[in-house]
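Next, two complexes with chain A in common: one pairs it with chain B, the other with chain C.
Entry: the complex of A and B
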């Protein structure tokens, strides 16, 4: 059974700085984008061959705008590209000009860019994608949040067939990130669907491959439900290597549908797949296969995702509400949490403790020496509980002033071993400082209902994972701002209670950084934000897993990893040995 | 007899209706709905999902519309997952080359049924004719083990043996049809390019390679039980006086067992074929989950995990129909093998 994680998803965009002036994106008019050789750690590849990677489920759609889960994004990410990518490279854009008032970006498209059906990509396609699809109120997409600034969307205009102007009402630091996260779609194939109000169902899994086109390195060849998706190289893709060889190198990427974790591992061990994002417990087994060409790569733990335990600060129980709102209690809990124990038990020691919010590596200061730290220390935890006035009863358990026990329920998701193990270890740790935690695994839908289904929320505490995409700070606003739609632990002004001073400060910092176009100033604001959040532990930050990748180095060259276990990085330079 | 058949078929309609109401109500009892997880992304996406699927309507409106769709146009609704019609999702997606879920379900269910009887008959006869010996015990122990091992464990165990012990992936050859090197794989029905390749001897052999673990897993679910039934029936018949008479006439033991005893022992077992039918479909569900088989059961299991309401409902009606047809088949086979039984 597929492992279900309670994961709060944020759209994948990055923290690119927006600076005035012109951004050179290999501005050779009419020439394709040349991928620098330095990016190819295994050198130039040769065209041909295929690579097989198991997909965790049938894709639900081939529409990159409406897709909202990993089995679909693993495929759409290979078929579509944005004007620029997260590192500032661009297949489709030739130059970016940022106006002195820093609210307008003029994008010159690369001449000769085409969709995978051979039709040229023009400024009209960009305008169509943004004005008619992303900003269309009848079309649902998580990309909307990335583009919205001061409650509205930028104005997008085609100046000529190859030039687009994007004008934001105010200066907006996330503008380049938004551009980098938005695939450009073909007007000639989707105009009718938009006009008929049918876009949300467009490019469903029954669509013929020749009715789908994108600007990515691959295009759809075939899909057989329950069996596999086959992608073939896009012959019109606009990148070449320094030798002038057109990319992608691979002829095909095959994605068989394999839902079971153990079967995916066995298939990789059997040589049926070339790339496999392993679970931590798979790593010892896979390392033993190095003689068969299996390479296990362990990278630094990510700085973006957040594995947390959150308390409902608007709990209906007055004692718990007061307790959960008390920063000393949350700090005590943070001290009492044995993060290394969780990392050993759940991640096979392949993880790192975290004490603050996840954010793009560009702004991450979580490993600075002066960053607030809550190393496992039961004495300090007990001292803080004493300071709050939670007396210890004859049974060794803490009590409120009215004599009732300090006890709460911690929700986890039924079927998720990691979340439930964490919860049990956490309950055990807190038991040692006299706090009774009752772990209650529930169906995923039931947990979400308790978190977001009513106001105020119904839960006491929950173990949840917040998936931060690529960590764009603007996306953190929905989680950490007091009025954010995903600020599920509340204690905000929505319930007649005053917002804590530190929370007001967080709100201000996040607003200021959103409008700051100076990268240094933004970094300073975000550093203050991280410290403030870490000091106050609105949620208890636990750990992050190290990035794990396994691939067959005897068969695959230039493999640089996957994102969120599904999306291939740099698929265009991957080659078959 | 025809009247009886028609009456039995007519009885299934209210039965299916009752089943569908109960299933629909049970599905509504579970917390949240198909769209609930989208709340973690944004309220707008959640609202759009609710509007698209219509799950905010009262359960009776939803149920009424669904039933009316079936009655008026054989429309079983659509999949919340991908908007496809339920019938496509469950039964007919795929091409001639790749096969469709219904075809694979029938191939696997009936294939496993044939396999289980082919294995069970000789084993049951062998156990009966060696009653009380260590051979009889061996078959019994084998039966108990087969009965005790859960299907999912057997499935993953077979895959593990193939990959880790026998290292089947190291057996590779150059495929003339695909023009590439192909190695033996596990799970699914085909290796790589064969999924969409046109039918050929090469593709058929590849299918057989992938089918046998699935058939074995599904057949094992019933093998032990059938062995025990065969043994028991054979023991009953072998103790009949006419068998003693045959022996006393000097007939060889082989003729006595095969010609006289087996024929009569099989009569009641034939009637049980119908009862095994739903059981085989059930076994296919577990095999589909682990072995990644693109069957009706596989599509149903995915829908069940994701709360894809109408696909689950249609799937359950399908399995109910199999159960009903299986029972009906049993009744008719019973009348066929025993002329004393007549239905009115």
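Entry: the complex of A and C
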């Protein structure tokens, strides 16, 4: 379980369009941002206290730009914050002006904003973060994809010490989303690392806490490898509640390292931790502890993540390559996939079947009545395989025209129960239509290496989760465009030529919606995109899990959830009862 | 003191009295039979061995049938039905299965639907399988004879998350556990006998060299070495190749203590008169080792083989448990235990029957140990065993 979320992590932002106009809710210059009371479902908290939440592993880095897995992002997300929030509201920034030509955004910073080490945050820090770090070709970061439009980056300039202008060369629907996902980093601490070309290794886990600063609600207090990370409140944080109490409420957040899933559950049951993101099968166990103050919340299934089985369409085996490129085969496999079985057996029935790509709920049409659907139907699957011309041999297994058996290896991630169990169920059902699937669990890094490590990729097939971040359609481009960096099933020359017609159409649709600023027009383009992808099943879409949260309601107030294991949402308003 | 002297006398008189009429093997058998615990253990082990050898015939289902229909998995987490078998006269029958749902915990379960009745039939047509991995057949010793989607199923020990029959999986898994043990023992004996024999026979530098190697091999941390070696198996190997890889690895880890015991035996035997006599007649070294000396160590070999088997079963379970051993679609007891522990609290609270494979590991290791003890006592003519005391 613990690793299936780490795969192919995209960045975390929320889907919002560039709607035009000015967002300037808080006109008082120099005053801190006031968190509206409606966000606090348990009312105002009092300052003090600490909350403990287990982290799945040692963080690999404290660098919010280069981090790419959940155990690190659980910590960096508490230490860093962007200028605007995910609804497009200016929070740490004072105001946000979108020019009438809709390609330029002017951000005004709050007077007196500072980093957690007390140094002021200025327009130069914003320019430094974007121009010198995010847009720097020598620095690897998934945030790059969020900022790129028609192959280039926006131009960022400081107009004065508190004003920044971000100008995109063309109209760009993902601009606000990109701003909302980018933490601002302190130039005074990182300038040397960037100049020395050393940024990728900067803020490693050995860094002293006083050399790390951010704009988030907490700052690093101590880290003992293998034991825990302790974060303390950032006394310079720029938000208050309506009473004027400085946020965050909590004095400390402790994140002990506990790698074993069962131990984390046990520690939460025993009251050693306050918050625990449960596995689906923990829910029945924890529901029985409601008398001890354990609150379980089960949310709607998300629309963003993609649990998929993908085939390498550039396989070195000529038979398999032809087969995997045949849309009829992929449809047949999709029909032969028992999604309800997977949900029932592996998610304790806490999930929903999916037939198309994940995308932000704003644009999602996956539950429309006319949306392409591949309900479990082995007869239809067999009929499609017959149509391709895969004859059934004497042993009941399908054969290629040259008599060799239709057989391939399906990779899964070792240690992930859910991925491997999905694969086992899938292999069983494909066996029933005469296709031999060999399930092979591999170490996560070995799987990623087989997907992305070489061109063409080496794998036959893989069961993997694509974490869609917030589902912003512009992030999907790296997955679904033929030239995308995460387009790991390929069938293209890597430059967008020689691809299937429908794939060309997908590329066009995604580029068009990126440059469109009209919400309806974008929604139509993205609806076409979703139907096209679902019809062609470039990867077999499986299901989405329902969001699960458990916490001690007798001890924690204003808890609004976690994502990707231990990453807390709205940590600044969390308080200790 | 007096009793034991008397016993020794009895034993030696018996030996002299029957030496002419009874062979060594018969004597061992007689002594073995007198050790009740060992004898019972061997019977249990024998039954277990027969059960796993005839797994295809004895089980109503295959190890990996999911019993799924068009919509979902039908029979996930069915409780053991062994207590749900009823009798109408001599005719055993079961009721149909009906889903239950606990809205508070969200846990699904099953209960008997008393309106349906399915007779248990014998030698019934069912899922096809290969008996001994060779003979195709579809006759099962017992079963309800109902088709895949029917509610009339017989899951003696319950099912797992996919609706796979645990009884079938335990027996098929036993083929791995009880199959790995002899294979590993044979492999490590080949290495151990060869090196131990040479070491003991030649002595001097050869002996020193081999014995120091043995000591090095014995001081390596066994489990860590095992995990490291299994992690080195190429991941692209298919499951069956992996099986043989695991066998070889377990043998590599296990040969050293054996080589040491053999060497001690050979060291003692090479000075015996019959060896000297043969040497005087000009027999070659290899003839001396393999024709004269090693056959005299066979008693010990059998005993140590029996005593080595349980540790092999445990090691295989541990390896599979950690995900380094056998892998799906193969079934082994270690893998079944792994399934249990992945969501331990959930499984043990709502599906406690999934711990049954652990019971089978326990039984087989336990009986192997007792059998080994009994054999050791029986083979060694100078041991005053409990069996002879009673």
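The working rule: the second predicted complex is superposed on the first by the 549 of 577 C-alpha atoms of A that agree within 3 Å, B and C clash if a C-alpha of one lies under 4 Å from a C-alpha of the other, contacts with A are read in each partner's own complex, and residues count from 1 in each chain.
Methods note: a residue touches a chain if its C-beta (ideal position, glycine included) is under 8 Å from a C-beta of that chain, and two chains touch if they have at least 3 such contacts.
These numbers come from a predicted model, not from an experiment.
Chemist: Using the superposition on chain A, decide if chain B and chain C clash or fit.
Modeler: fit
Chemist: Please work out whether A:222 is in contact with chain B alone, chain C alone, both, or neither, and reply first, second, both or neither.
Modeler: Once the two structures are laid over each other on A, A:222 reaches chain B alone.
Chemist: Per the contact definition in the header, classify A:262: touching chain B only (first), chain C only (second), both, or neither.
Modeler: Both chain B and chain C are touched by A:262.
Chemist: On chain A, which partner touches more residues: chain B or chain C?
Modeler: After superposition, B is the partner touching more of chain A.
Chemist: Is A:338 touching the first partner chain B, the second partner chain C, both, or neither of them?
Modeler: In the superposition, A:338 touches chain C alone.
Chemist: Students often get this wrong, so check: with C-alpha centres, what angle lies at chain A between chain B and chain C, to the nearest 10 degrees?
Modeler: Superposed on A, the angle at chain A reads 40 degrees.
Chemist: Could you say whether A:486 touches chain B, chain C, both of them, or neither, answering first, second, both or neither?
Modeler: After superposing on A, A:486 lies in contact with chain B but is clear of chain C.
Chemist: Is A:425 in contact with chain B, with chain C, with both, or with neither (first, second, both, neither)?
Modeler: In the superposition, A:425 contacts chain C only.
Chemist: Which of the two partners, first being chain B and second being chain C, lies in contact with A:449: first, second, both, or neither?
Modeler: First partner only.
Chemist: A:349 in the overlay: touching chain B, chain C, both, or neither? Say first, second, both or neither.
Modeler: second
Chemist: Minimum CA distance, chain B versus chain C, superposed model, integer angstrom?
Modeler: Checking C-alpha atoms only, chain B sits 6 Å from chain C at its nearest point.
Chemist: Can you list the residues of chain A that meet both chain B and chain C?
Modeler: In chain A, positions 1, 262, 266, 269, 442, 446 sit in both the chain B and chain C interfaces.
Chemist: Can you list the chain B residues touching chain A in their complex?
Modeler: 30-33, 36-45, 48-49, 52, 81-84, 88-89, 93-95, 98, 101, 156, 159-160, 162-164, 167-170, 180, 183, 185-193, 195-196, 289-295, 298-299, 302, 305, 307
Chemist: Inside the complex, what are the residues of chain C that reach chain A?
Modeler: Contact set of chain C toward chain A: 64, 66, 68, 70-73, 76, 102, 104-108, 161-162, 235-236, 238-239, 323, 327-329, 341-347, 349-350.
Chemist: For the complex, which residues does chain A have touching chain B?
Modeler: Checking each residue of chain A against chain B gives 1-2, 6-9, 50, 52, 57-58, 60-61, 68, 140-142, 144-145, 200-201, 204-206, 222, 224-228, 230, 254, 256-260, 262-263, 266-267, 269-272, 442-446, 448-449, 451-453, 485-486.
Chemist: Of all residues in chain A, which touch chain C in the complex?
Modeler: On the chain A side, the touching residues are 1, 261-262, 265-266, 269, 279, 281-285, 287-288, 338, 340-341, 344-346, 348-350, 376-378, 409, 414-415, 417, 420-421, 424-425, 427-429, 438-442, 446.
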